[in-house]
Amino acid sequence: MTELLVKNACVIDPIRGINGDIMDIAIRDGRIVESVSDRAEVIDAQRCLTLPGGIDSHTHVCGTKVNFGRYMSPEDMRAGRTQRRGRMHVTSGYYVPTTFGNSYRYSAMGYTTLLEGAMAPLEARHTHEEFTATPHQDMMANTLFDGNWAVMDAVREKNVKKAAAIVGWTLNAVKGYGIKLTNPGGTEAWGWGEDLTSIREPVPHFEVTPAEIITTMIRANELLKLPHSVHLHCNNLGKPGNYQTTLDTFDLVPDLNPDRQTLYATHVQFHAYGGGTWRNICSKTEEITRSVNSKPQIVMDMGQIMFCRTMTMTADGPMEFNLHCLHHNKWSNHDVELETGSGIIPVTYSKKSAVNCIMWAIGLELALLTKSPWQCLLETDNPNGAPFVKYPEVIGLLMSKRYRDEECATLHADTEGRTSLWALEREMDWHDIAVMTRAGQAKALGIINQGKGHLGIGAEADIAIYPIRTDSVDPAREYRKVVEGFQKTSYTIKRGRVVSRDGEIIVDGANTTFWVNARIPEDLRVDNDPEFIRRFQEYYTVRMSNYPVQDLYLPRGRRVDTEAFT
Amino acid sequence: MILNDVVCPFCGCLCDDLELEVEGDRVVRVQNGCSLAEATFMNDTRLPAPIRRTTTGWEKISYDEAIKETADILKDADRPLLYGWSSTHGEAQSVGVHIAERIGAVIDNTSTVCHGPSILAIQEVGHPGCTLGQVKNRADVIIYWGCNPIEAHPRHMSRYTTFATGFFVPDAQRERTVIVVDTRRNDTANIADEFLQMEPGGDYAVLSALRAIVRGKESIIPKKVAGISKEQLIRVANICKNAKFGAIFFGLGLTMSRGKYKNVRNAIELTDELSRHTKFVISPMRGHGNVYGSNEVFTWMTGYPFAVDFARGIAFYNPGETTAVDILRRGECDAALIVASDPGANFPRVAAAHLAKIPTVLIDPHVNATTALSRIHIPCTAAGIDAAGTAYRMDGVPIRMKKVIERGYPDDAEILKKIYDRLNGEMGS
Amino acid sequence: MKCILNTGRTVPQGTAVEHKGSDAYRTVASACFLNPVDMMLLGIENGARIRITTLTGYVVLTARSAEGVTRGEIFVTIGPYANHIISSETHGTGMPDFKSEWVDVEPTGESVRSVGELMEEIGGLRYDPE
Amino acid sequence: MRVILESKVRKKPTLPIEAEAIIPRNFLKGTDLLVYEGNKERKLSELFWIFVEGTAVSPENIEVVLKGDTSRIKRVGEYMDTGSILISRDIGMHCGNFMSGGTIEILGNADAWLGREMRGGTILCRGNAGHYCATGYRGEKKGMQGGKVEVFGNTGDFCAEYLAGGEVHVHGSTGDFPGVEMRGGQLIIEGDVTRPCANMKDGTCVILGRVHEMIPTFEKIDRRVLPEWKITADVYKGDVANRGKGMLMIKNPGEV
């Protein structure tokens, strides 16, 4: 039995409605309890800001595409190198760090749970191998279904149940957590070097539209009773004028679940562009947020970009190729048979570029114009918009109009006229930030009842104590202190153990991987369907029996069972 | 006992549809596999126990003794080299990297003398590729450049390309155009629709010419490039531009010829150029069963796919400087641990000879040329035969190799873990 | 005769690769394929022994006639025989010139050595399983 | 001030030494510097006999002289911004990496990656330079960006790869692929070359010797007198396999 007592913590725990109370937190064997014995180890939080462990609901840290980003970037590995030290392994890289680099840096920032944003089922084993080498965060994998042949066939047959059964079998086989759609239908079209330009355009050969894929998968998701909603990267990412596609997509979404959103729209900054060319691109965040503010069934995340050199990586292969044609730098592409695609290119976001400045403003506008912080979560689509180590700066910008003004003064002159950021006075408070960096994520991912995102009795003791005194720091003026405070916790506690102290990792980690097992009635199971099996054996290049990820790849896997179709 | 859907660990194809018949600790029949697979499973003789070189011959030693001596050799070394890794599983490779960072070693894998140049090229221009199923289901144009799949990857053509039935290519043999580029008219060339026979070392010039033609600059191309006529180059460029889905596979003909990675880079840039006209992809024909896995594991752990130098505590990478052949050639390393490979046979003479001058430990199931150069040889399981573990196919698809028999050897990951634990114990944190 | 040495993988080499002490391996790894015209010029028959020399050293191989090999080129399977004469220079890339080493080819009466003998020549000691 | 470092005899003379600490500026505060021999940290005095002559108040007045066997010493002059280094014999790899100012003179030969990613200053190599002379790092878009590298002997392969700025002048010949991926700057080769300027995007290259294996995708656009070199040169634009805007000028073209 191990016990820990955190005393004098200034707790913000939005899920339990606690906002800045000074209190003690008792921990026994990794969970939060009413009280502990007097033998418990004591940490004095000294009235510093204490939050549930940070949760990133959309980041790219593990798997084939991330590792390829590393593989092709020895120049980035020269940045951020650290030696082996105590419990810490060697790390390399700034925007595509090694697994240990990611894990240590997230931990230093108080993050304890991550959702890998895109896992191709065929390559799931790879993602899980890297999860075990990312030891300080509990992990989940969004599983890609955007170009899944069997799913598209079911969509064409208007057979939601079959689509659900395919998803259920696949999630179970690859130990995935939820449904990810990246440019639905577009990644299959990219198999022929093409893309789709609207949600009503049919996928070549399969004759289904993105709109049909999205609506079917939303219903399948709810049939399966998955904890998370469909997680969507909309069509037409990064194209001027794409906001209309985004609005059309949002209009498709019914409100089907009382506990959480029905659609999670990711990195919406990349999907909120007006204009028709790169020359007249402008912000359409008012239209986008008007839609979201009236649709509680939608939660989005920011996809904030920050000015730096970084790497874009997504399953959206055609988008990456278009970007490559603009940048003329290196380009990797990796299409995955019968399932999805992916692309990777390095980019530099510069204040000299009007387009980049507008993108930067759009991300912030989305957060500031969305009324409920529960509906617009903070992330950078790491590393696409910026590496996650930039989160503290994003927090600073959201909390301080002055900080924004100072930054705005350094931007390309065309930015002001094509965005609305200059006019936005809103300054977010500590509670808003707590929602946007953990509580909102826990709710959106459906992991509150797994004990994540809050500090209630029975919750997992994942806690971040930041060296910030909310009673003495004025974030609007002293935003530098805010940024610094969020860069490095005093203590990051993971399942009741202090894992990081003032930025230094002090133990070997032992994470958990959450995955979903939807129980599907025998008669609907696709692994009993001879036609499904025949097509699998004929068109995949691995045998169906070798496809599932064995349990041993998840040494501390936690299965989340759902009773599908009930 | 009959085992189905067995994975062959031999080459980068990692065929996973073998049927094996097993009797006790022997495989007695291999079905679906090529002759390489058959030899891998059925003709598997091992070094029975650890051996140590004495002044006059060889003596048997215990595993414990071998492990202790290995740890002592590594602990004291000023510039140890850890090399090999491609014929074992990811679990052993991971421990290898941890040992390397622990003792400040250089760790390199066999891609260094295989597709290392391809990696250098990818680091310059990226890699437009795909999984092999994309090619099987879609490709109507296949190019084999500087590789000979019939000899080196015998089932590549029947499983993934020329002869494989694909969803959009139901009549593969009729619907796929096969182009072969090589200096030799090899067996693969004999089944090609177009064979470009090139003068040795001409790859770069031919690739540049093709790129220029695709860009519409054919007027400046001379009548012949490296022995290939301009007409044929234009014809081939047109076949490529008119493809619905084209796939280039390249081998050591590009990576080992003069110019090395620049050849590969040029092939990738041709693919990039063709992608502006149609769908085109390119893939290296990776050799050893899990060589790609060693690149993957090294990359997520250290940031670099091969040739990683931990001498300064951090990871440093510079092929040509931190690659195994160069370190041996310059006589830098003062101890070596070789795992699951045979540099004695595969490295040029001067590099191999240095292994005999320093304490070299070999961990490998088989007696090979490196045995003769070693001080200690520790036998272990062979991944995919008597040990299970992860391997990455040449296209990056991770596959779990199976354990099909038990022969009583320890797993190499287990041996390495014991060495690592000893090192940790003796060197402190 | 001056030639360019090309090396590569072959099926027989692959099937014997884990049996480097075997006669089968010696036979495949020490085979040197030449264009028939070049063999004629050298005045040798299929199966004759030839001595291949570079700045690194020399090795004795068995000549095999092969139509597919162009004139001025010789092909030897990847392995210890080819490596016995290949330079370890990598041009700063880590990769030796496995496919572009200039060699001198001449007939010889010397015999083909075993892999073990080659390794002993560079400081090793053969291990013969009992 | 002059600092003389004379290498001591070592037990394992082939072990590489990494000595990025050897730049003039560092000797302002004394000679208590650390270097690495293999994976072991060493004091400078363990590996060198150190002699200091005179004093200096600013680093530009410091000259570092290396004597003895220095052929295995890497990274001498890395990030050097002022002062001078004189190397009396051969020097190991990565001499003058990221150098931005000052002068390095090598009386012997330099190993590979001489002046890698250099931004300014001057490197004079009286002997030969190895592969990748005046180039960049793996995966990085730009190689050398400024300053001057002058080699009086020959260089190895890939000389001035990714050259983006500054001047590289080779009095002798180069190996294969000089100026490959060049995108700026000036490359002058007085001797012979094979396959010059492959895939170049921009910049200028002048070759006074013979060219072997000209890349077939260069477009001859002019013949011009170069008064600076007192020659008539064929002028090529290229590489047209790429978006080539580079200029390649060749006297006496060889086998094209």
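As written, the chains take the letters A, B, C and D, and residue 1 is the first residue of each chain.
One rule holds in what follows: a residue touches a chain if its C-beta (ideal position, glycine included) is under 8 Å from a C-beta of that chain, and two chains touch if they have at least 3 such contacts.
Being a predicted model, the structure only gives us computed values, none of them experimental.
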| item | value |
| --- | --- |
| Chain at the geometric heart of the assembly (C-alpha centres) | B |
| Between the pairs A-B and B-D, the one where more C-beta pairs touch | A-B |
| Distance from the mean Cα position of chain B to that of chain A, given in whole angstrom | 34 |
| Centroid spacing, where centroids are CA-atom means, of chain B and chain D in whole angstrom | 34 |
| Rounded Å distance between chain B and chain C, as computed from the means of their C-alpha atoms | 22 |
| Geometric centre distance via CA averages, chain C-chain A, whole Å | 55 |
| Of all residues in chain D, the ones touching two or more other chains | 112-113, 131-132, 137-139, 176 |
| Shared-contact residues (touching 2 or more other chains) in chain A | 72-74, 76, 330 |
| Set of chain B residues in contact with two or more other chains | 120, 123-124, 258, 310, 312, 317, 319-321 |
| Chain contact graph, described as a line, ring, star, complete graph or other shape | other |
| Pairwise chain contacts, counting only pairs that touch as defined | A-B, A-D, B-C, B-D, C-D |
| Complex interface listing, chain B residues touching chain D | 77-80, 103-105, 120, 123-124, 204-205, 207-209, 211-212, 215, 217, 220-222, 225, 258-259, 262, 265-266, 269, 310-312, 317-321, 330-332, 334 |
| Parts of chain C lying in touch with chain B, wherever the complex brings them together | 4, 6-11, 14-21, 56-57, 67-70, 73, 75, 78-80, 83-100, 115-116, 118-120, 122-127, 129 |
| In the complex with chain A, residue positions of chain D that touch it | 137-141, 243 |
| Residues of chain D touching chain B in the complex | 12, 14-16, 18, 36-40, 93, 112-113, 131-132, 137-139, 176-177, 180-181, 195, 198-199, 213, 215-219, 239-242 |
| Residue numbers on chain B that touch chain A, as the complex places them | 4-5, 7, 16-17, 90, 94, 98, 101-102, 119, 122-134, 136-138, 159-160, 165-168, 244-245, 272, 275-276, 278-281, 295-296, 299-305, 310, 312-315, 317, 390, 392, 396-400, 429 |
